[in-house]
Structure formats: structure tokens, C-alpha cells
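Presented below is the structure to which this report refers.
Chain naming follows the written order as A, B, C, D and E, and within any one chain the residues start at number 1.
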Amino acid sequence: MSLSVEIGHRFPGLDLDVAFEAGAGVTALFGPSGAGKSSVVNAIAGLLRPDAGRIALADTVLFDAAQGVHLPAARRRIGYVFQDGRLFPHMRVGANIEYGARFAPGGLDRAEMKRVVALLGLEALLVRRPGTLSGGEKQRVALARAWLSRPRLLLMDEPLAALDEPRKDEIFPYLERLRDVAQVPIVYVSHNLAEVARLADDLVVMQRGQVVLSGRAEAVLSDPKALPLVGIREAGAILPAHVAEHGTDGLSRLTLSGGELLLPGVVAPEGSTIRLRVLAQDVLLSKAAPEGLSSHNVLPVVVLALHRGMGPGVAVQLRAGEDVFLARITQRAATEMGLEPGMTCFAILNATAIPRGSIGGAAGVSPG
Amino acid sequence: MSLSVEIGHRFPGLDLDVAFEAGAGVTALFGPSGAGKSSVVNAIAGLLRPDAGRIALADTVLFDAAQGVHLPAARRRIGYVFQDGRLFPHMRVGANIEYGARFAPGGLDRAEMKRVVALLGLEALLVRRPGTLSGGEKQRVALARAWLSRPRLLLMDEPLAALDEPRKDEIFPYLERLRDVAQVPIVYVSHNLAEVARLADDLVVMQRGQVVLSGRAEAVLSDPKALPLVGIREAGAILPAHVAEHGTDGLSRLTLSGGELLLPGVVAPEGSTIRLRVLAQDVLLSKAAPEGLSSHNVLPVVVLALHRGMGPGVAVQLRAGEDVFLARITQRAATEMGLEPGMTCFAILNATAIPRGSIGGAAGVSPG
Amino acid sequence: AARSDAPVTIFAAASLRGALEAALDGSGIDVRVSYGGSGTMARQLAQGAPAEVVILANVAWMDWLEENGHIAVSTRTDLLGNRLVLVGPRGAADLGELNADTLRERLDAGRLAVGHTEAVPAGIYAREWMQAGGFWDALRPQLAETDNVRAALALVSRGEAPLGVVYASDAQADPGVRVLARIDPDLHTPIVYPMALVTGADNDGARAVLEHLVSKRAGDAFVAHGFSRVGDAP
Amino acid sequence: MTLGLGEAEWAALTLSLKVSAWAVAISLPPAVAVAWVLARKRFPGKALLSAMVHLPLVLPPVVTGYLLLLTFGTNGFVGRVLADWGIVLAFRWTGAALAAGIMGFPLMVRAIRLAIEAVDPKLEAAAETLGAGRAARFRTVTLPLIAPGILAGVVLGFAKAMGEFGATITFVANIPGETQTLPSAVYAFLQVPGGEAAAIRLVVLAIVVALGAVLVSEWLARRVARRIGQEAPR
Amino acid sequence: MTLGLGEAEWAALTLSLKVSAWAVAISLPPAVAVAWVLARKRFPGKALLSAMVHLPLVLPPVVTGYLLLLTFGTNGFVGRVLADWGIVLAFRWTGAALAAGIMGFPLMVRAIRLAIEAVDPKLEAAAETLGAGRAARFRTVTLPLIAPGILAGVVLGFAKAMGEFGATITFVANIPGETQTLPSAVYAFLQVPGGEAAAIRLVVLAIVVALGAVLVSEWLARRVARRIGQEAPR
């Protein structure tokens, strides 16, 4: 099921002009405040009728300006977690959550509801009115509501911004399962690149109403051009890795095209392929193979290129086997080490420096 | 100007029972969704009248249940950035921003207003109505509005959750200036520990309506007990450092009690003292002094203790000079290296791994 | 037409209420009376109102009904008469001769309360009297016209107006007012309350009502309420 | 003055209650529909529709009553059609209910329209993304949220119906037991000398009923407000 | 039928406009105050206050007019006090404005109260943290946000005042040029056989005025809605 979006719309102060394709899986919309992300999502949901363009989900044309087609939002079966919650103030939390299921084919799946309610920690809130909920509680209810409406596509506009890390960590595997098992494509708006990197298969970077970069998340994130867009701290690559073995001490051995890594917290079964996020700033370079180090994650690498930007940093593009990733080090260190394209050296990836949240399972992740 | 809070309040489903002192500077309230953070902030603002307790700001008693004192919110002069925005829908953005100044002594400072508007990127929005703003735009307007009301205390309930990293990076120095130059104490609610670590002098960690940890941010964050509360990825220490010299290549030399570090992006003037955040997961240990490394930031350290939790990780408490901080490594590495309390080894702090956002200036930061 | 065992419906001018009730008391006839303004009731009859007997305070509207064929002409009779009086608040002195000067002197800056001089029968008669007496133009600016006589009476009894022109029947029962002068009936169209059967309502019950109301017993009741029998000296 | 009520007074009271209840019941659905159209749609002639809705307020009640008589009377063009279906309004309590309903219509529409305008369309949009079609959205989101407006409209409509007089008496006359509502009875009493005491008794009755209705509505309003979260703490 | 208006008709029209405008003007501030109290306060006797506000709706207009006469008449207990201050209401257009204002009062209170109840108290709380005291908060936040309700109240009150008849004529009678409003004139015409044409002319006039008022109000409502963001896109 693929989504194809191509819209033009004029707001006073912003010209929206956006085209992208989103395959199965998660497509992240990323960009600064006011870039037009919510507007795009509104257009997909059917709440904004763009001036021009076409939106199609699989075989269904949702919108076609030229043909005058504009399927009402109620008939699109697209779940939407709004940036501003929008709970029904006159219904208790329980009724809010069950609302969408009345209109969904097959109605409410009680077992699924129980699972989602438990996952989102809503048991104690079911009889409460939305007016008394905290900010994060509201957002969790909104999430449950969209989820249980059994959508064909899920739009999420910064759904986790009000949530704490431990809660996010609990929710991620479920989103991944929704994506992979229920095969529901997700369009995910976020400012948080860690979230994006963990979930996104495709990444669309927007600025001032335009798409400035888009493609597979791995490709976009390891592109040095993305650096100024995503921010220095968040730049990094996504690498595919094969789960070779789960150790008894909780460390898993992963094989990459260029070597092996030991990582904790991998829940994917042995034999599966997962993705690793390697932030540029979490990669250290060493001319000699380091010894007696608290990290086992050392890969021999070839320097492909050095990108000098403004300021004291250098982005070093590296290749390990067939994987390409970035290291961000200081100019001074680059000069002292005499780094040059073609040189070989060693990259130290601090094992615990690869956030657990960045380890996305490709399939069959059992929720933690 | 110090804030003293001691309140008890019963909600159906939550008993709030909170006491803390907040000195000058920023006090962060941190805790999971539904912990009671917004309720505490509401009580300070005067929007919630607790069942019991006492709240005082410097010499002014804002609330005292025993004495029956409850100063109306309008007379407290406490700025409040709400979690849910609460812009006035019938006023243009400009009028929203200027609203508080009408009631403030001295009225509106046009020059300050211009600066804040430019900083928050609101120039083009001034004539717009709040109804048409994007989520992040709304939050920026709310920020400007509270800011320009010339408060004696500023309450910020997740003010930056809807903003992108580059925008946050622009705003931080201004908040720091507000705190340091205008001497406005700030109570800051956030889920984002990077934000908290950057801004907070004091940290109050809440859970289920109770304070579970509180104190100076440095102390709380380097306390291994904080680990499960703040999440593994975000645990770390805050170290004071002296700015010795700004190099011509953008790297600054900082002296700590236990050695020297080279860091980019330090804006504090030479001679001043700043704070560094060192995440436990960004510290590598090496038995021997490493050579030919892309990092200059190697400190000799003494192992104070090893905290084994569940899972494959170990939190190693280290001392460098008089500073105490944590390193998070794998059990396997700890065993292989034979780490024991009292042992000396070397800690590698990846220079670029210390986020720019975590470098807080103690005074006179010139906004970037 | 109503069945003979159903009550007879009478449409009667509102000012007849007390008197008509007394007159019908003990007649043994099952009636129900709908009180209203003469113009309103005439229009309603024209629109097929389910009334069998109609008693108006206004000859003009009865003529109108007759012209439009809504009443049985042969049954039309003038049931009652009345006369106009000038009233003032309790304790006010009698008025001697009625002329522009005495009236204006008594009114001073106050107003003369009357029924609407175009719409309310009592007001129309009052206008005719003032015109015939030659003080219409002088008093006109000082009129306070109301939509029924009772309201005019209330204005006087509340002391809002020093003088009012009302029916003798109304003045009689209000302790708040005093009759200051009786108005010469020759100076206005005779005040009569015409009665008739509504077209198509010629049944025994209705006939019985008609007969009863012109009986001596009913007449006495009307007189007791300040009305006069037509033909009797007022 | 005693409150021991006579038969006629009881009849007037129960009739008034019946008429008012029906007036509200029949005018509520169209009022909601018109309010919705006025609040949510933009179309040419909208102001005209709005003006028409206000007409019963602007026109003197007598005029409204007269127009009703002409339209829904036995000979009126709508009245004739309805009569063929067996529905008779003229001079029946049903007509009184119609008149009262029409007089209260602008009040109900306004209250409900205000409430609809205050509903955040974003909530309806949210319901739409959850699969709710227009009717379901209205039923499950809009309607519960405008409950305070509907309640206010019902109270206004009921109160207006309890007090309506001019249009009612013009359209359906003042027939005891059929169309004589409390205000009509009060009117009749006020038309005769000495009727004040009885009128006051009826007025007190009306006040008691209104007080009861308002008490119930205030209690309901509090419940409704709590239910839709309007009373949530700040 | 011609629309060339006679002098008396012009006078009635302009007077009606003046009376209605003043009626709205004098009753708006107390209506806002009462609406605020009813919407935002809880106190014993609240339902009683609410019931009292509804009284002019429940009582037959004649009764209201009579009560006004008792209270604000020259000899009424309030009227006497006012007279000492040089304010005379009886038989004056000011009295007509008072009567019309009181008859429209419940309508205005309801509309405004609904609007106040729909204002999110969180916005007022936000204003409070910005230093706005109760009065400033009301003026700068609540008042602009309830503008649609105030507008609705004004329209209802104005329309009601244009159509008010019963209480007005009972309280201040029908004095051409002083208290003879359009409805009084219409009433007079309707009471005379053949007066329909003239009545219709006046009714058309009233409709035109109402239409104009509603047109203006709809236009204003759109502006207000846009201003307070009610029309923002979803």
C-alpha cells in the first residue's frame, strides 16, 4: 500500500508545494516549525482541500484537483493523531478511545483495546473526562483513539512530544508492530531525529513549504548535505546489521558488511536484519587499532571524504565494508591525524552510544 | 530571590505532596507524564489553590493554607508559558505578545520586544491570528508573551517540546540571559534531559505526585540512583569547567580539576566558569593512555565504584580531580578490563559528543 | 353546527365578562364563553370560528359580519346598552358642566385616559362625544389611549391620569375611581351590544341562549352590573 | 386571596402546560435544523432566512396571530390542506401550541445557533477522521456539545409559550378548556371590574410554574456543563 | 396599497426605532452583568434570580405592563423616586423604552449567558497570570470573546422591542408622537373594519426595518466570528 502525494496550496505567507511517494512502512516528515508539515498531513487526511495536485493511497484516489475528486475525510479511513489532541470533551476517556471503532468495519476489537490501553498506561484514566488529564495523558488517549479506529493509514503529528523517554521506549515496539504486522503505513511528523531514525523507512525533509530532501531514511541521514538541516548533534547514518547471536550477558553480536559489533538491548531474533543508527558525533577515529578499551565496537574503515563546514568541526565520510557513515571530529584532530581521502584507520563506535531507541526491528519484534 | 514550595493536594487518582526550595536560576521539574508537574506549576502561578501548604517567593507569601493567604494570580507577577499555549484567539499575534506589558510596571519595552520577536522568528506573524498558526509558532508566541510581561518568576511548562533543535539552540542563550542578567528565576518543566541539563541549576524529579529526588542538578545527575528515573540514555553528570583560552580554530581550552578538555562552541568569555554535561554513555574507558585518537579529551581517572544493574550494562563512578562522573559500559568490557574500585585508568570524552546545548554559561553569555 | 348535547360556544366582548357570567348563572344551559376584542372575534368568525352566539361591543363589526354573511340576520338583536362616564381618582370632586375649559382645568398637565379612539368601542364613543361637544381638538393632545377600557380605568385608579372616560359598568365596580360626571348619550352613537346567531349555528341550544339572555332574569343581572337594557332609559 | 383553584383555573393551567410542552416539542427539531444551517452554512439568502426567523419577534403578536388565522384557519390555504389530512389547528389547543411554538421559534433558534457557533470545528474534524459521517458527527459530537444551548432554547421557548397571549388569542380565540391558556384567562379576568384577585392568582400560578421550570433547567444545566467539561478546573 | 407614508406613520416608525434603540442600550449593561453572574457564579438563590429574569417572558405582557405601572408610574414606589430626580417615565417614550427593554431582557441575558459559558476559563486564567485583574480580564478577554452573544442579544432585544405592544400600551398608553410605536398603530388599524390595508403597510415597514437590522447583524456576526477566530480553518 503506497501513498503518493503531490499538492500545491497557497496560504497567506506560505506557498505549499510538496510531492513525495511513501511506500509501506513509516515515512517521516521532518522540518522546522512552520514548514508546512501539519498542512501536508491535513491534506492527506482530507481536512484541507489543496488548491492543486493529487493524493492517492494504493488504488484509491483521495484527491485530484484536476478531476474534482475530494473524498470526504470520513470515508478515507485514515487515522490521525493531532498535534493538539482534540479529545471529545463530553466523552469519558473510554468512550473517546472506542469512538472510531463504531465506524470501522468489524467494530471494536476488545482484546486489542485492552492491550493498547495497558501499553499506554490508560487503565486508571478510562472513566475520567479529558478536561482533567495532564498534557501527556491527553496525547496518549489521542494515540489510542486513532490506533483503535483500524485505519488504512496512520498520520501522527508529533505524537510523542509530550512523553518521557521510558514511555516512548515502551510505545515504539508497538508502532513498529502496527507498521509491520498490520501493514499500516504511517506518516510521522517529528522534530526528534532519534524518533525519526528509529521508525522511519522514508524521510521527507521540508522547509518553507518545499521538500528539500527526500528518500530512504538511511540515504538521507548519511548524506552530508542533511547536516545543516537536521542539526549537527543529530546527524548520523543508519546501517543494516544482521543479528548473529544473542549472548548470555545481554550483548548481541551483530555482523555488518565491514565487521562485527556487540550491542545490548537487541530484541530482534537471531538471523534477522535490523538497523543501527550511528550518530556522527558518536564515532571516534584512531590511527592504530585501540587496545584495552571499554568498547568492543571497532571497525576498520576507509576515509572517503572530508567535509569542512564553518566552525571547528569536520564531517568525515567513512566506508566500512559496503556501509557508509559519518564521523564528526575537530579540525585540529583531523590535521593532527593527517586524515585524507583513501586513508585507512579505525572507527570506535561506543556500544552504549548507539541509543537503544535507534535499533529498529525489521519484522517480528516482540514488544518489550 | 528564592522560591519555597510546600503543597499538598488531593485529586481523584493522585495525591500531590511536594516540597522543594528553588534558588535563583533555573529549577527543572522532571518526571513522567501525569506525575503532577503542571499541577505544581499551577499552584505556584495561583491557578490551583492547594488543599494545604505554603508557597513563598522571596519575602512574599503567595499562598499559606494555614493563614488563609491566597494571593490572586494577577498580583503574583509570575509569567507562565502554558503546556497548551492558550493564546488569545481574538487578538493578533502582536497584541498577544504585548498583552502582559500593559499590566507590568514600566509598560512595554519596545527594544526588548523587537529582540524577542526577532529571536523567536515572529516578525512575519505579528499581524496573524493565532487560529492560523502552526503548533510550534503558537508555542513561540506564548513564550514571547510570558517573557515580555516582565515577570518576577517565569514558569515554563514544556515550552520547547514543539520546536526543532536549531530553533532551541537559538532560544537557549536568551533564556540563560533572562536567568542571569534579569535575575528572573525560572521553573522549567521538561521531559528532555538535554534541555534540563543545559538550563537547570536545581533539579526536582517527581513521580506520582511525590518528589523522589531533588537538589543541585550536578548532584542529582551524577547520582547513580537517578539512572532508572531519567533513563539510561540520558544519565550523566554536570561538571564545572574554567574557560582558559579560546583558540583561533574555534576550540576552547577548558580546565577542570582533573585535567584539560578542548571543546568547540564555547561562547563564555575567557576566565569564566561554565558547566559541562557528560553523558555516562559518552564516556569510554581505556586502561592505557590512548594514542593517535581523534579526541583530545582524555582524563586520568580513579574508579570509585561499579553499579551493576539489571541487563548488560555497568555504571562506573569515576573521579577526575575533584569531579565525579559516570561511565556506562558493558559488563563484558568491565570484566575484560578487570575494573575495580581504586583502579586508575583513562576516560575518553568525545569532544563532539558533549552536546553544544549542554554547555551552559554561568554569566554574560552573549547570545549567538 | 354543534350537536345539541355539546356546550354552546359564545364569543363575547371582553368587557361583558362579569355581567354575562351572572346573567347565564342558573340558566341551566351548558355554555362556554370565549372573551375577546370585537374586531378579533369578528375576524375569527369570518375564518370559521366554532361559535354559535356572538355578542360584540361594537356595532360596526356586527355590521361587517352581517354584510359578509357570517351571522343569521334575522337573529340579530341589540342586547344591551351602556353609557359613558367621566371618572377621576377616589376623592376627586364632581365636574359640573362639561366643556373644554373645565376639562382642561381639571386635567392640568395630566392626561385623559380613554380607550383607543379609533379601535376600542369605548374610545370611539368618547371621541364622538368630544367632537360633538366641541373640545376634541383641545383635548386630543392630552389623551392617553389604551387598548381596552379596563386599562384606561387602571390609569385613573392608579392616579396616573386625573380623568378617564369609561363605561358606567366598569366604573361602578372599581373602588379606586369615582364617577365625576355622566356623559350625555345623545352626544355619541348609542352604545349597544349587538347579539346574533352565527351563520349555520341554528340549533336548539343556541336558540335557548338567545332566549335566555333577553329574559327578564338575565336583564336584571346585566343591570346589576351597570348595563342597561336597550330601550330602557339609561 | 386563596390558591384553591377553581375548575376553570385548573383547566387553564393544565392546558397551558400541555400547549407549552407541545409548542417546544414541535418547534425544537426545526429550530435545531435552522440554527445549524445559519451557524454553519454560507449561502445567498442566509440573511433573509435569518430575518424571517426573527419575524415573529418583530411583528406585533396580533399580526402573527392574524397571519396564522389566514394561513392555518379553516379557510386558510394550509389549513384546508391540513384539514383534508384530519389535522385541525384553528380554535384548537393544537393551534395554540402552533402559535406558541412559532412565537418562541426565534428564541430557540438563536440560543441553539450561538451554541453551534461555539463548537470547535476541529472536534468535528477529528470525528470525521475517525470515520464519522455528517449525521453521525452531528449526533455524537455536535449535539452533545450544544446541549446547553438546546436547554437554554427549551427554557426560553417554554417560558415564552407559557406567557404567549396576543398571537394565541387572535388565532385560536379564548375558549375555556380548549384554547384558554393561563394568559388568556388572566386577560379575561382583567377585563372585568373586580377580576384582579383572580388574575393575580393565575399570575402567581404562572410564576410558580416558570420558577419550577427554571429550577429544573438550572439543575440540568449544571449537570450538562459538568458532562461536557465546561466546569473543568482551570 | 401605497407605501407613501403619512405623517403619523412616519412618526410611529421613527419613534419605534428610537424606543427600540434605547431599550437595547439601557438593558444591555445590566443584561451583561446578570448573564455574567448566572454563568460564572454559584450562590444560593441563583435559580431564583434566573427565574426572575425569565418573568417578563412568562407573564402576559398586560400583566408586565400593569406591574410597570405599579412600580414606575407617577405614584409607583420607584416612579416617585425617579420623579424626584426629574426622570418621568409614565406616558413618555422613555417609559416605552423601559417596557420594551424589560420585555427583551430575558432574551438578551440568555444569549449573553450562553456565550459567557462557552468562553474557555483557561484563557481568562492565562490573562490573570499576565497581570490582568478581574475587570481588565473581563474587558480584554471575556468581552471580546462573547461579542457574538452580545450581538445576538442585541438583535433579539431590538427585534422584541420593535414588536412589543402589550406591556407598552398598558404602561404608557398610546400617545401619537410620544408612545405610539408601530405595533400600537398596527393594532389600531386592525381593530377597524377595513383597516387591513393600512396595517399591512405598517407591518411591511416593520419587516423592512427588521430585515435591515438582521442584515447588519449577520454582516457584523461574520466579522466578529472572523475576528475571534471562530471561522479559522480546521
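In this text, a contact is a pair of C-beta atoms (placed from the backbone, for glycine too) under 8 Å apart; a residue touches a chain by one contact, two chains touch by 3 or more.
Everything quoted here is computed from the prediction, not taken from an experiment.
Taking each chain's centre as the mean of its CA atoms, C is the chain most distant from chain B.
Relative to chain E, the most remote chain by averaged C-alpha coordinates is A. Across all inter-chain contacts, the pair with the most C-beta pairs is A-B.
Our note on geometry: chain A versus chain C, Cα centroid distance of 90 Å, whole angstroms.
Each chain gets one centre point, the mean of its Cα atoms, and the points for chain B and chain E are 56 Å apart.
Residue positions 47, 84, 132 of chain A each touch two or more of the other chains. Among the residues of chain D, those touching two or more other chains are numbered 62, 66, 122, 125, 187, 190, 233-234. Residues of chain C in contact with two or more other chains: none. Residue ranges of chain A in contact with chain D, taken from their complex: 45-47, 72-80, 82, 84, 86, 88-91, 99-100, 102-104, 129-132, 145-146, 149. On chain A, the positions that touch chain B within their shared complex are 11, 13, 31-34, 37-39, 83-84, 121, 124, 128, 132, 134-137, 139-140, 157-158, 161-167, 169, 191, 193, 230-234, 247, 249-251, 262, 264-265, 280-282, 284-288, 290-296, 311-313, 327-334, 337, 348, 350-353, 355-357. Listed in rising order, the residues of chain E touching chain C in the complex are 62, 65-66, 69-70, 73-76, 90-91, 166, 169-170, 173-175, 187-193. Interface of chain E with chain B (complex): residues 122-123, 125-134, 136-137, 140-141, 144-145, 147, 227-229, 232-233.
Here chain E touches chain D in the complex through residues 46-48, 50-51, 54-63, 66, 106-107, 110-111, 113-115, 117-118, 121-122, 124-125, 148-149, 152, 155-156, 159-160, 162-163, 165-166, 182-183, 186-187, 190, 199, 203, 206-207, 209-211, 214-215, 217-219, 225, 230, 234, going by the rule given at the top.
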